[in-house]
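Structures incoming, each one as structure tokens.
The two complexes that follow have chain A in common; it is paired with chain B in the first and with chain C in the second.
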Partner chain A sequence: MSDAIVSSPRVGSASTGGLVEVAVLVGALGVLWFVPDFAGDYWLQLGFRTCVYLVLAQGWNLMAGSAGLVSLGTSSFIGLGAYAALGLLNRVGAPLPLALLICATAGGVLAALVSPALFRLRGLYFTVGTLALAELLRLLMVNVSAFGGATGIILQEDPPALPVLFRYVLVLAFLASLTITLCTRTRVSVILRAVRDDEDAAAQMGIRPYRVKLGAFVLASALAAMAGGIQAAKLGAIEPYGMFGLQWSIDVLSMVIIGGVGLRLGPLVGALFVVALGEALADYPEAHTAIAGVILIVLIRFAPQGIVGLAVKLPLIGRVQA
Partner chain B sequence: MKHHIGKSLAAAAAATLALSIGVAFADDIVIGASLPLSGPLAGFGSFQQWGYKRAVDQVNRAGGIAINGAKQQVKLIIRDDKTDPNATASNTETLISRDRVVAMLGSCTPALVHAGALVSERAKKPMVTGCDPLEAFKSVRKWNYVWDLFFHEPELAAVPFKAMADLGVKTNKKLAIWHDNGPDGQVIGGKIWPALAKEFGYEVVQNSEFPIDNSQFTSVIAEAKSRGAEVVLVDAITPQAIAIRKQMASAGYMPKVLNIEKGAEPVQFAEALGKLSDGILVGGYWDPAFPYPGAADLAKAFESETKLTSSQHIADSYAAAQVLLDAITAAGSTDSEKINAAIAKTDKSYVVGPVKFDENHTAKLPIVSLQWQSGKAVIIWPKSAKTGDVLFPLP
Partner chain C sequence: MPDIGIISSTIVAGVLLGGILALTALGLSIVLGVMRLVNLAHGDFLVVGAYAGLFFLQFTGIDPLIGLPVVAVFVGMLALPVYSFLLAPLAGRGAEAQMMTMFAVSIILENAFVLAFSADTRSIARDYATVPLTLGPITFPLIYLIGFAISVTLILAVHWLVSATAFGRDLRASAVDAQAAATLGVDVKRVQMLTFALGAACAGVGGTLMGAAFQFGPSSGGAYLLNSLAVVVLGGLGNVIGTLIGGIALGALQSIGGLTLGDGYRDLVGMALFLLVLAFRPDGFLAKGRT
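Up next, the complex of A and B:
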């Protein structure tokens, strides 16, 4: 596996690689910032969707790929962020960037609050626990009329124009990618993987697994909440079934598996692939579901490292790497 | 190496997207719709799809619509929103920005309709929809480009009271209200029914709200039974409506009048319950027996084409599409502003009755009271429209 792609920093090359990665991210942000000046609405819509997925996938990849926390509770934090954002925009008239910052805080706080219970569970039990959290929050929103019940909440003012929203989500995607780069290009990456590979052994080495897992969980949850917040601002109307739906969690998981779990480029490739496939098969919904399912099965069976993992093994790329 | 991977991926993504761009003839008039063709509301979506397609097919068979003097065919693009408002919004965005639709047709239920309607409104693309109760529609915002033809909740809510009064049914006037906490459930069950009960001299002995997807109603039923309610009004979606009726039978609770709004409307409700559906009342906004142009033919066409029993939703979707197509014809243009202005001027009798939009962009459909009798929905009120006698008390 390529060290350039896998999140495995090596002393010496790590700092250089990290700096290159940061430079690439800054360059990409600089170029993409001007996309609204020449791209049409369709491309901005696709860009927005890809960036939202990228933010979610980056967080999930850190959590599952690096820290071994396979969560099906992403929708909990997306929904929380969505409700927090529209609540702040409607009731306080908060500017969107501030609302998103508060969404991130809310997501992180919720993750910290539930972690004592969830971290008692390991492996599949943790996954089921996160699924239960999403369902619990959905039911809470459905039943509490202060949150709009099943009707949900409607944004009172029109959201910002699409080019503005695109730039917001672009910055979110940049920040998410930068944060994950900092995590995966530093000693943090080694610590995360130590906990993922053997929690008890890591503890014997002086690592505190609870704190490490908490950090990854809080960070991923904050990112998911911000993604939920900006998605809600764009939709203008939210309700519990759509924002706390399991589909979000499944989509994120699929993206990372398709891209490559634990691989640095996995979330980006997965997000691009899922958006492109969705658009290509938009007129054939049955085929879309079937093809996406087949791709997942084939990848899990024959290329567990996803598209990126597969690409690294290609002879041409292998030679270039060599 | 990253460079090579990135280039390969970019090329693959570009090729995929290039292939995905739909091919529409330049002189087609493109309209779009995002419908729940899968997921919990797939039943509604299939009826709507049929109604929309029929209206478009009829126009195309007649030669299309004249735009600037030249006849053009209408292309209808329908996307599945999987009963997910996020997908409805995303489909609507794609239809507008990629497929360049000149106007949209709506989805079904407030959550889905509003998700798409907000996108249309912001993009200034006209949308005509049914399947969204008018008060719920009006509560979202002041609409400029979205138009809704459907029933008005206060009128629908008043139907059981008016029907009971006109038909002279004798009960102890003790009323139990059970409603979900969805948009129309909260309005009808939480506000309108209690107010109407007072007006018509009923005593509300119970008013219970439950989550839309609740499945256990035994305690609610036991409470109504213990309080001696002889009239039960329910607002719930179909799975819950079926569960309620079955659990009432299990509990041995037999009120004299049982009216279930929303959930008792589709034929699947009667099919799932069999004899237990007999006597259940539900408000209706359309029936093939209605004296409007094409009503009987529409149901016959649906049943002969699909071999399924027709639903009210074929009518409002068919009418919504006709309203939009008529507006494009009247505008003689694919310009959104001109089409929108033409929709505003709609004043014509369609298969659902007369359609004329008010200042809130809503058009009320007339309401009747239907009763399930041996698997068929019979109009029992008003007398002018009735197709059968009321079955009373609930068998």
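Up next, the complex of A and C:
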């Protein structure tokens, strides 16, 4: 498949670049860990949202940028994770990290289960299928009373305090970024790109496109489920319209396209941008989403590599980026 | 167990409604066939049609069913700049770029509807929307029959246009192989533009019918889109008559699902069918369109 949306970033020198990236990630985790000691609730809220978005965007970027899978079904896995997390916390009394791990497993299993349907056809039908999956799950949750029906379910214990949640989600964002770094800085990235650029040629070279795409989809879905789980733990009350809502899928898609599809910094820049845009237009929710739409159209047309792609083209930053 | 009258009424109503669903999906189907574009704003085009029918009635007082040609032309004209300014420049950039652009258009339209018309649900209130029609043990709303008749007529007209006219020949050629068609002198860009406008015009009519039969609001587009996709998947890509069959099948199965499982499960049946067909019969609907 040849398209600008998922066109190739240049391949950096794999090993040294990878080590630098890991070092930067560890450093960022070390510094941000202490943010709750001096930042107020407002900034912690923003930080929490940014981290959740970053986890989602990392997974989406892996699928779209590396494996050519454009998903509109992120909310399926967020919703699944949210329901699984509150179910585990309420019924079993599981500690949050364990609940999140189970969420990740559930997300990965669901992705694997639906992949035969979604991967049967290439490209666009994956997108359409993911959209239908999210709607199916939402309707299921609305109708089945065991899951709380349209009113949803409530966390019975008190949600953890914001600083605690912030550190959880920070670690989650760190782990997500680290995993994606391992995927994109090793031989796996070559395989992923080969599948994205020409499935048939890749298959002739002995790569199994189905497995590669499945791997990316399962990993991204596990990440989304964990993001959904921690979001639910923070909210303390969830209902199907919100957790399975299309808005999640819109947000994550916007973030990655705005940041730069297939670029390492794309998800981070996109997440920061979308959170900032949301804050700037907090009083005008309709205008906010519509403006995001306009930005999407303009970027797809004139800067298919997003903000990071534009920045890399500037000579000075471009040299540093590599 | 409900009695035979309710069962047969439900199935007849489902089949009639399915005809309308087929019309709402027709534009999506032909655009997909000719342009390889999953128009994610298709549902919002239908909503535009519903609002257009509503305001046509409010401002002129003329019945929107008589005004359908006006609505069709209006929505079709609106689609022209969308094609020329947003889609045409992305030609050759792959399917995703155009699809994402239409997704963005969908987001913008949906929020524009809220800003312009408020978030209220509305309906095109006419007598025939509520009047029941009784034939022996079978009862269903009159609008279903009217909508079915209009939809089937329009679908057959489009079928004729595609299969028996010079434009239809160009359209089919562009759908099978755009490059080859261009080499043979077909103005593919013009064909695509007209196809896109035709699809939107059909959506305009379908939207007005949906607006007369049911309530709608600014965010109805998502549900419309998903139903249309299910119809297209069931009936076959770019296949006009297949779309009609797919619509009727979906309408009937949704009604049966609603009757046996409860009304909330209507749409769920559609989505489940959609994914099942994707999983088990993908070639049935993509024989022409594999990329």
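The definition used in the following text is that the second predicted complex is superposed on the first by the 298 of 322 C-alpha atoms of A that agree within 3 Å, B and C clash if a C-alpha of one lies under 4 Å from a C-alpha of the other, contacts with A are read in each partner's own complex, and residues count from 1 in each chain.
Rule of thumb we're sticking to: a residue touches a chain if its C-beta (ideal position, glycine included) is under 8 Å from a C-beta of that chain, and two chains touch if they have at least 3 such contacts.
Just so you know, these numbers come straight off a predicted model, no measurement behind them.
Engineer: For A:143, decide between first (touching chain B), second (touching chain C), both and neither.
Structural biologist: In the superposed model, A:143 contacts both chain B and chain C.
Engineer: Between chain B (first) and chain C (second), which does A:132 come into contact with in this model arrangement: first, second, both, or neither?
Structural biologist: In the superposed model, A:132 contacts chain C only, not chain B.
Engineer: Tell me which partner A:207 touches in the superposition: chain B (first), chain C (second), both or neither.
Structural biologist: In the superposition, A:207 contacts neither chain B nor chain C.
Engineer: Classify the contacts of A:293 with the two partner chains as first (chain B alone), second (chain C alone), both, or neither.
Structural biologist: After superposition on chain A, A:293 lies in contact with chain C alone.
Engineer: Is A:49 touching the first partner chain B, the second partner chain C, both, or neither of them?
Structural biologist: In the superposition, A:49 touches chain B alone.
Engineer: Identify the overlap between the chain B-contacting and the chain C-contacting residues of chain A.
Structural biologist: In chain A, positions 2, 4-5, 139, 142-143, 289 sit in both the chain B and chain C interfaces.
Engineer: Which bits of chain A are touching chain B when the two form their complex?
Structural biologist: So the residues of chain A in touch with chain B come to 2, 4-5, 40-42, 44-46, 49, 139, 142-143, 145, 149-152, 154, 158-159, 231, 234-239, 241-243, 245, 247, 265, 269, 272-273, 276-277, 279-283, 285, 289, 307-308, 311-312, 316-317, 320-321.
Engineer: Enumerate the contact residues on chain A facing chain C in the complex.
Structural biologist: 1-6, 70, 72, 114, 116-118, 120-125, 127-129, 131-133, 135-136, 139-140, 142-143, 246, 250, 253, 257, 286-287, 289-290, 292-294, 296-297, 300-301, 304
Engineer: Hey, which residues of chain C end up touching chain A in the complex?
Structural biologist: 36, 38, 40, 86, 89-90, 93-97, 99-101, 103-108, 110-112, 114-115, 222, 225-226, 229-230, 233, 262, 264-265, 267-268, 271-272, 274-276, 278-279, 282, 286, 290-291
Engineer: Quick check on the complex: what are the chain B residues that touch chain A?
Structural biologist: Counting only chain B, the residues touching chain A are 1-2, 4-5, 8-9, 12-13, 16-17, 19-20, 22, 37-38, 77, 79-80, 82, 84-86, 89-91, 93-94, 96-98, 110-111, 114-115, 118, 122-123, 136, 139-141, 180-183, 185-186, 211-213.
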